[in-house]
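When the chains are written out, they are named A, B, C and D in that same order, and each has its own residue count from 1.
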Amino acid sequence: MAAFRIGIFTSGGDCPGLNAVIRAVVAAASQHGWEVYGFIDGFEGLLSPVRYRILEENATVGIASLGGTILGTTNRGRFATRVGLGQIQQIPKAVLDEVWETVEGLEIGGLICIGGDGSLTAAQQLFEVKLPIVGVPKTIDNDISATSISFGFYSAVEFVTQALDRLRSTATSHRRVMVVEVMGRYAGWIALFGGLAGGADVILLPEIPFHYEKIAHEVRKRIAEGALQTMIVVAEGARPDHGQFVTQDEETEKGVLGEIRLGGIGRHVAKMVEQMTGQESREVVLGHLQRGGPPTALDRNLGMLFGVAAVRLVEQKRFGEMVAFQNGHVGSVPIREAIRATKTVPPDCEEIAAARAVGIAFGD
Amino acid sequence: MAAFRIGIFTSGGDCPGLNAVIRAVVAAASQHGWEVYGFIDGFEGLLSPVRYRILEENATVGIASLGGTILGTTNRGRFATRVGLGQIQQIPKAVLDEVWETVEGLEIGGLICIGGDGSLTAAQQLFEVKLPIVGVPKTIDNDISATSISFGFYSAVEFVTQALDRLRSTATSHRRVMVVEVMGRYAGWIALFGGLAGGADVILLPEIPFHYEKIAHEVRKRIAEGALQTMIVVAEGARPDHGQFVTQDEETEKGVLGEIRLGGIGRHVAKMVEQMTGQESREVVLGHLQRGGPPTALDRNLGMLFGVAAVRLVEQKRFGEMVAFQNGHVGSVPIREAIRATKTVPPDCEEIAAARAVGIAFGD
Amino acid sequence: MAAFRIGIFTSGGDCPGLNAVIRAVVAAASQHGWEVYGFIDGFEGLLSPVRYRILEENATVGIASLGGTILGTTNRGRFATRVGLGQIQQIPKAVLDEVWETVEGLEIGGLICIGGDGSLTAAQQLFEVKLPIVGVPKTIDNDISATSISFGFYSAVEFVTQALDRLRSTATSHRRVMVVEVMGRYAGWIALFGGLAGGADVILLPEIPFHYEKIAHEVRKRIAEGALQTMIVVAEGARPDHGQFVTQDEETEKGVLGEIRLGGIGRHVAKMVEQMTGQESREVVLGHLQRGGPPTALDRNLGMLFGVAAVRLVEQKRFGEMVAFQNGHVGSVPIREAIRATKTVPPDCEEIAAARAVGIAFGD
Amino acid sequence: MAAFRIGIFTSGGDCPGLNAVIRAVVAAASQHGWEVYGFIDGFEGLLSPVRYRILEENATVGIASLGGTILGTTNRGRFATRVGLGQIQQIPKAVLDEVWETVEGLEIGGLICIGGDGSLTAAQQLFEVKLPIVGVPKTIDNDISATSISFGFYSAVEFVTQALDRLRSTATSHRRVMVVEVMGRYAGWIALFGGLAGGADVILLPEIPFHYEKIAHEVRKRIAEGALQTMIVVAEGARPDHGQFVTQDEETEKGVLGEIRLGGIGRHVAKMVEQMTGQESREVVLGHLQRGGPPTALDRNLGMLFGVAAVRLVEQKRFGEMVAFQNGHVGSVPIREAIRATKTVPPDCEEIAAARAVGIAFGD
């Protein structure tokens, strides 16, 4: 009799800890005597009967410490189900049929999708046509509301923190304002946690529209008090309060918001602060550096717990569910509930309150 | 009118994140317009009217990223209140009087003690003679039951993980068994979390007495399966199951346990495994390397939250209480409750269950 | 009798290892019983009788491991002597007089200037009006011809290398072209050494004008051979071969070169490669991240050797000389000789020959 | 016609940079259209016609950043040619015949041996029976006299430096003496370069027998001057000056030297310093941690240069030669000359002179 066989794939932007999940799935499946097929390049791998490789237990030793995903991923392609925020597009029936054929043809008894919001929305659609799929949440931004924490987030925060450590010595030596742009289009968790740990003086989040005058005031106050530098961390999605500016569609690429869209918010903040305070300002965009590299210990362990839990969901035939971390434990929720809401930073959360208590400014 | 004045000191073994607490206390106090006196070398600083330094806001910028404690610490001295596990010794009245004199003389309105089990026991005694003291838990081993997590722990885990990454390449290249001894006399949290993240094949904890035959069996099985190396993580307090050996007092330094006490459990495990399997084995003792270095982002943020919370306890005159992290939030508990029990690793916890599910052995 | 007194300052862009030089100067001076005055903010500190601080031996312990400079620096100000490449402007006599007054007034018997090309040019002018000055070369780009190596360079190279390690996992996971822009306006040493160590497939240097068609060809060839990603390292000063484009002054900000000047060469290369090959391309600009952080062991030791050598130059009254590393040893050269030529990468050097031998492309 | 075929193997203790050499050899050979056979587990691989794997260009991408050796190695076995220092044992004729058979049978036209002193001695014997062998020097201790630098050394020095950074915060916080034992049985290069970069106060080398009284004096002097800690770096082969002790054979495991042999010199120094000064002292043995992990940029580049040069030696049929770095360039020397002498630290070298100039003590 052939061994029970599961499939696994990674989808969307890469994130530290993906390989830890894959490793745990393979190792746990191996304890059950199951085979694991790894589909290549995310959902795209499901559209071909040959775009997979068999993942042996021995061949995955040590991969948990590697960044990226050994299976490849893509955040484009025929499965892209989110056009804009909240808009959901149905996967064409022809595509669903192709997936069916692959999964049936390869006799896959359980399919593990590691992905973010968009990918999970697609996974839900596959589940609704009776594919035996379970989900593992992947969000470097930590913005999936159904799980209180996910792997990759703290690795990104750690990198931001170490980058701030590096940049502070230059900022101090040159008596500069240093503006550091970090990930976070809709949710500012990385900016908040990284900014706090890295000693930022000002933190700008998408959740708290900021006033340039407040930032300039903070910089001037610090200089007056003898501070040698000001470190500003800005999430890529942070925006100035519209009241200050002639608002216009960012898409038109005109005016202030268009300028921000083209050059990045970091560059704009640096330019404005230098203009308003006369203080030499520089910006650094951390970009893709935040995604790569070895995951932190915490993220590797979270990846392992998630991978083991995903195998258990398959074992218990709880398809349509997604692994989630809630109240300090790994459990699961229906995928359809997980994709409903984005978890943004509450402006009155514990960390922001503490940050304000130590004198950190948020631009409001 | 003179400013309100608080005191702060660090006590017991050093731990990444101490400076993050100190920084947050100084910054939060500065927002209140309070003065902060930092007592030098732990409780010893309280015995002298001059063994302190005034901590200015400007002078503590950036210290959160530094290992150790800028105030110094000691785990010896006239305050040592724990002789063995569970035995509590009263602080002599003369010593209490000296402390009173210092605190009164310097007009300290609130005293923040950052310390572990033993130090908090002493702090409780100070509180009982009406000193305005509050506590911040410090335990790199993560073994204070009143707080679900404390700063420093994840920094140690991170170092252990990176050390395992380094050692695996040598172990693989030489087809060796590598035994890595880590901190954890009574609680195996560092061995467990570090071992999991670092890809250990065998993890030995104080909470799970181990059998050498089981370890040897694991090593032999791995070789048979083609594994190139075996990584064993052992907590310093892990011990072989007594049934296997003629048990005797470890203190007498005779027999197996005496040998372990003198040479370390890591060396003993390496020796036994090499004898029993014929496989070349090496041990590495991580020792003090686990304590130093910059704290991780998580530990810096935890330190900040704890420092801010400690200042709030003083503000609210909730003396005799200790900051604690519970159910995902920072709150507080009476110090006397916090020092009652050591939080050890439950052998049936989620992480161990997951580890077993991926084939990791625990020696039982 | 008053102790002999020396002055020290750091000038120009900051660079890992500056504090190692300062530490060594203070420690070596302390062995002689000399006092050390540290002037603040580079040459600017010499214009004021109070802009210095006395550097005590004890207070400089451990600074060698810190990035930046504890003395501050500036690359602007009244001393800026280089308008463009090769153009030298004389320091106004009034400014020279002010410096004289400071140095005489404070009874400085020897002045150590740690700086780059421009700063050393100013130092030479101070020497010519009989100020007792010696130089220490500072060039993170490694482009001062009189010294075969200088501190800071290898720290920058190490960061570039680690950044490439991080970025490769993302590039591979997404099957992308990743373009990494690094420092090096006139000399491509950082791009060359960092690119080689970090496993770049294409390296673009200021010294070797490149053809976009060659890069696109390389990318296509790699895809055909099954490569999952292409890593391109580009020095900020690298430029396409003019023959390919309607050349025009970069200053006019029109056409291709203007576009490069505004957006950076990295962005331009990414855009062109994506257009020409259809392969998804991303750029990352390492910027200021390359300057900060703790110096590598090699740079700390080089800093120490240079600091000790500078004190020896003062001791031997060999003013007007600059410390230099030549033929494997630390010696000295006249400052006026050191500032004559920029050390660029010879296109036929050993490293480029080896790189070509392993199949790395240079765009030519 | 079959492609020209070369063989490669790594021998002796592992060392960062081995994979960089392997990668460069494979990539350079691939440019020539050659095949590369990688023999497994050092010389042992040469004794079997099947103990190798074909190294494809694509499969070695990215390995230069990995510690250890993907080919495995051993420092034991039938080829061990050095019993003690300077004693050379001939490889038995039967073993030589087996190697001949493997190399002929597989039609290997050139064999690249990456190894240390002992391995190169064996390689020379293979050359003398007309095997087409060339050498690449591997010595983490930097003690092969024919090459001024070798890969792996600076990676070890970097780790020692970072370990000292970590340990200093603990030592300072606890006002302790910290003794750090590092690699270096006969040559103290790692202790010297790592100690200098890591800010050691006392450095003990095999080349400079030390007096405990001098170390104790240094510790007492530092305490008197207000130093908060003393960092002592000791090479594993450093020994106290024999005049101070009843000398006896270290092999007999009696007396002082026997104690050092069993417990390590680090532990002995810590014990003696604590006894003599009353100052709390701790030791840390860095051991295998120094060997693993990703090589530094410098070591990767050196590995690449050496790999390319080895392929060139094969191409030019310059068998019996070894790659070497001399006078700033990569060249070659006859293997038989390379194995004659160990390169120890000259007690009057530039680095020691500079170290003494800044007040660092060497125990003499």
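Some points to look at:
Criterion: contacts are C-beta pairs under 8 Å (C-beta built on N, C-alpha and C of every residue); 3 or more make two chains touch, one makes a residue touch a chain.
Quick caveat, the model's predicted, so the values are computed rather than measured.
When the partners of subunit A are compared with those of subunit C, no chain appears in both lists. For the pair subunit A and subunit B, the distance between C-alpha centroids works out to 31 Å. Note on chain placement: the centre of subunit B and the centre of subunit D lie 35 Å apart, centres being C-alpha means.
Distance between chain centres (mean CA atoms), subunit B to subunit C: 42 Å. Among the residues of subunit B, those in touch with two or more other chains are 165, 168. Applying the touch definition to all chain combinations yields A-B, A-C, B-D, C-D. Residue ranges of subunit A in contact with subunit C, taken from their complex: 10, 13-14, 18, 41, 66-69, 72-75, 159, 163, 165-170, 172-175, 178, 228, 282, 284-285, 287-289, 291-293. Subunit A makes touch with subunit B in their complex at residues 23-24, 27-28, 30-31, 58, 61-62, 64-65, 148, 154, 157-158, 160-161, 165, 168, 193-194, 196-199, 225-227, 294, 296-298, 300-301, 304-305, 307-309, 311-312, 327-330, 350-351, 354-355, 357-359.
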